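We call the chains A, B, C and D, going by the order they appear; numbering starts again at 1 in every chain.
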Amino acid sequence: MLIQLQTDISADLHEKLCEKIQQFGFKIHEVKTQSGKYIICNGKVEIDIRAIGGLQGIKDIHYVSDEYKLVSRQWRVKDTEIDVGSGVKIGRNNLSIMAGPCAIEGRQNILDTIEHLKKNNLRILRGGVFKPRSSPYSFRGVGIEGLKELYQLCHENGIKIVTEVMQVSQVVEMFDYVDIFQVGARNSQNFNLLDALGEAGKPVLLKRGLSGTIEELLYSAEYIFSAGNEKIILCERGIRTYEHAYRNTFDINAIPILKEKTHLPVVADTSHGVGIRRFVAPIALAAVMAGADGILLEVHKTPEEAMSDGQQTLYFEEAEMLYKKMSEVYNLR
Amino acid sequence: MLIQLQTDISADLHEKLCEKIQQFGFKIHEVKTQSGKYIICNGKVEIDIRAIGGLQGIKDIHYVSDEYKLVSRQWRVKDTEIDVGSGVKIGRNNLSIMAGPCAIEGRQNILDTIEHLKKNNLRILRGGVFKPRSSPYSFRGVGIEGLKELYQLCHENGIKIVTEVMQVSQVVEMFDYVDIFQVGARNSQNFNLLDALGEAGKPVLLKRGLSGTIEELLYSAEYIFSAGNEKIILCERGIRTYEHAYRNTFDINAIPILKEKTHLPVVADTSHGVGIRRFVAPIALAAVMAGADGILLEVHKTPEEAMSDGQQTLYFEEAEMLYKKMSEVYNLR
Amino acid sequence: MLIQLQTDISADLHEKLCEKIQQFGFKIHEVKTQSGKYIICNGKVEIDIRAIGGLQGIKDIHYVSDEYKLVSRQWRVKDTEIDVGSGVKIGRNNLSIMAGPCAIEGRQNILDTIEHLKKNNLRILRGGVFKPRSSPYSFRGVGIEGLKELYQLCHENGIKIVTEVMQVSQVVEMFDYVDIFQVGARNSQNFNLLDALGEAGKPVLLKRGLSGTIEELLYSAEYIFSAGNEKIILCERGIRTYEHAYRNTFDINAIPILKEKTHLPVVADTSHGVGIRRFVAPIALAAVMAGADGILLEVHKTPEEAMSDGQQTLYFEEAEMLYKKMSEVYNLR
Amino acid sequence: MLIQLQTDISADLHEKLCEKIQQFGFKIHEVKTQSGKYIICNGKVEIDIRAIGGLQGIKDIHYVSDEYKLVSRQWRVKDTEIDVGSGVKIGRNNLSIMAGPCAIEGRQNILDTIEHLKKNNLRILRGGVFKPRSSPYSFRGVGIEGLKELYQLCHENGIKIVTEVMQVSQVVEMFDYVDIFQVGARNSQNFNLLDALGEAGKPVLLKRGLSGTIEELLYSAEYIFSAGNEKIILCERGIRTYEHAYRNTFDINAIPILKEKTHLPVVADTSHGVGIRRFVAPIALAAVMAGADGILLEVHKTPEEAMSDGQQTLYFEEAEMLYKKMSEVYNLR
């Protein structure tokens, strides 16, 4: 059971309410986010929900059978829209295209990408400054100084940034220079990081684990929400299967299933989802057709010279045709 | 290397040609289909392809690095169109929708389905008469007598039939009553059956194995083609992964990859590909968007009463909306 | 519910019994094997089992919740021992080692293998004469004539043969020349073949599918048993996973789980289960330690010259050390 | 190429050496651990290794084709033995059994476990104080205070502790109270944590990811080693596959493969590897037979009352029989 409180509920009333619910036999978990106050009630207690619904200070009360209660669509039927600021919104009636290089490479690379985005009326740049790499000897990104430069250039041009955060200590370090924190597939169940991002309050783009289940993704989102942050975007990015004809198996089924199970926006990273340049476009279009609220795309002026993952990165020209087509598909839905 | 011969090549010239190629050091494999004569040349011999190309009796000659040579797009660049008869065609510029019950249940069920197809201008009915079932105690289908009834009713109404063949001896038994033989996922590497269907010559719809690779599917198609039958339709139907939130993981990546690797038509069985009724439509639309030449759909007047797999079967009304939408998506491509 | 009848039950009594059980509301499925008569009773009927147990003609009656009833250990608690003839037995207190080349190559190869087996007191030779191959252009085995030669030489030397049967028509063709029919991984759910082998009555070694579940393997065994043949040996041979550091993931968990769920012997093909020669021995020893009743091993005098799968084939000398060690491990159990 | 320096090499000589190697065209990466100094030389340079080998200050030089160079057996042929202190050693000629509850529950639970370990001459207690949980509403462990109590009681009894660390900030917090830091499956590619543990220097037990490859595990170990810590124990704990008859698929193949590829000790967590109590013993014995240097076991006085994962936890009595049997199997190897 999930109780949404009135945000101006008095401390006294709040306390009494909690006591009463506990008397029913529920174990309660209180949550306060940017925009709401909630009480999660766990326990196999059967009560007439109306017995509580009428109490003062309660805005709404719902029976939620899912164990990931706050992110469940069982209580919030309407799609959540995430406000990233400056008029940039994700979810509900928006198709959000986030494009950029796999890894930020430096000033020229940033300027090229910004120009490309502006030309195509895109508002969100994706690109890693801290790169998780299997081998300790690989390039690990331009780091915090690179991020500052990225932020400055983007900020001047009205472009928002989504970039990966890899550990708790980076949350504070990066806070002023990102618009959306990205949690990568390898950190999808880094619960301490999820807690910290919940407390930080900025929008979070949460990727599904390398072989994470749909349910685990929703639980990870519940971590963030229950720690205080409602601004969560889920991202399907392909899963690990026996098939090695491509990089990952893009799980198209996950798109409509997530859209049914949660009110949060669901986007697709089809660059990683297939991992081979010439198949990124059809998969991206398919993802939009299946209901995705947005697409993450790796683009580069000269992918063959990109510092990482060039083989799944689109040329600017290819990407432009795809943006146009994605809008057509979105409008057909 | 793949050599396509002129179909009217004289026996004498044919023999001399083979000798010559073998003298180069190739191991040859001769293939004769409904519409062509081919020589597959295997071996790590490097020759100037023009040295052979000019010989009499040769229609065309190609260097094909894929080991599945006949089904490879490396030599036949144009999409293959399969003629099922009576104006029904699959592949190239056709979107083929094949709909019907999971298992044929009897006369009334057949009549309902035919009426539904005709109302929607569809020409191909899918439905099993021999059903592969994990347990020996489950319903195994209405069998050959049911097929005969199905054929008669479809034939009278201009409807073509695609239905599963499970073993070699059924190829002859079923031959006069099917338009397209379906090879199910469990028989995707039943090589004797593939050989027999190659010899039979009727169109074959070949499903990918439960955990078959894309390459294995192409090899299985090569079995059929090299045994004499060019009329092959490939079918993606979902693969087995760790995720159990749905029945199978529909491998959307496989659609554009197969379309690149082979000239054969590629269709999608999204009923099995996700296995849950309310997600079949978005996945089917995504599959069309990604490049599929057709969709197999389980439909039923009253799915809750269907003899098998009702939970992935669409109501006729749901299906009708989907057909319309699929056409729109196809036209947008 | 499973009822075992007395084998000398009169036709009249038999019929009455069936009627009575059906009157209770069960759907019955009658099974007659080499050594027993059974009635499988399906249905959600709750009866006092003693009401039937006392009836004439009934040898035994069991409540079996598993849907694979005949192969379940719920009714036959004791390990089944399979008599292959000439004193060769599999299961219960026997460790069965079956060794030989991947594919039978010809007379000398047979003679070498027989000599190797006799030197090590082994009684069962494994080796394919019909080979399932992904590509139609690969070597498909020496065929029926090769099998006849194999049989003659083995027969003279007191050696039993286990070899793969790929289709229904081969069951009759091969019958007189094999001691154990092997069903390969790709045919693990070729239900017509399973039925035919059930009727044939000779011992069957049934491999798990490429990505078959433990439950599906038991169901496939149930096909054979319910078609009349109790002589079934199950074989774990590795499953398909995302890990490609080796050929297949040998599912060691499956060994004790199968041993718990069924009374049938369970053997392990560790040559395919790992697919790399130098890891075959430790995995084989682990499989014995985990409870396997036997091991299939690919061995060859000169694996580097073997016609197929040489890289997972042991040299005779390596194999000899392994046989000895396996016995020690078996005795330690 | 990997160069091991003499530990007392002069700063001057060291610098000159690095310069010289870079002049050859290598990119170098310097590593200093508790017991050694190394230069990792990356680059496709071909040199006569003897040209460097004779230089002053070099202890040893090896050509290492693996990209995980420091953990590779290509240069350190002998098994590494890890000294945990107080005579407790892991690897080489030791069979290390680490047993305890899934989660530490409190004083009585600790005392019971210590008594059990001492009775069986075991020296290492496993048990979580910080528990990674899919749901934010689950019990997350007794935390740092619980760890302190655990440490005090173990310390008094000569028992070493292995327990999971979940984030960088905990490394310092936990440092004085653990003997071996465990990195859980979900953090197997938490590269910042790996770096921090490399710098900390205490022994690390590194688990394979939920669907991590063998290669990724070795790369993760390389992170720790290259950050300064040679004391690494690898742990196979089952992988995620399509089979759901048990919790994870214990990858027995990984044991001999890891033992071949690395000089580090390899242990097996068979409690998680199969996840069902009655199959833990055969799998643990199989793992030892396949070459494991140790086993992690969940044991509890009363598993049915355990705070988490009771169904994969052995009763003390069951565990005792298993310890004895494991020793016998180890001696047979």
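Following the convention adopted for this analysis, a residue touches a chain if its C-beta (ideal position, glycine included) is under 8 Å from a C-beta of that chain, and two chains touch if they have at least 3 such contacts.
What you are looking at is a predicted structure, and each value in this text was computed from that prediction instead of being measured.
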Contact-graph separation of subunit B and subunit D, given in steps at minimum: 1
A-C or A-D, whichever has more C-beta pairs in contact: A-D
Shared interface numbering between subunit D and subunit C [over half = same, under half = different]: same
Cα-centroid distance, subunit C relative to subunit D, in whole angstrom: 39
Rounded Å distance between subunit A and subunit C, as computed from the means of their C-alpha atoms: 50
Mean-CA-position distance for subunit D and subunit A (Å): 33
Numbers and ranges of subunit C residues touching at least 2 other chains: 211, 215, 240-242, 244
Complex contacts: residues of subunit B adjacent to subunit D: 211, 240-242, 244
For the subunit C and subunit D complex, residues of the former touching the latter: 211, 213-215, 239, 241-246, 249-257, 260, 273-274, 278-279, 282-283, 285-291, 328-329, 332
Contacting residues of subunit A [partner subunit D, same complex]: 29, 40, 42, 67-68, 132-137, 166-169, 186-187, 189-193, 195, 209-211, 215-216, 219-220, 222-223, 226-227, 240
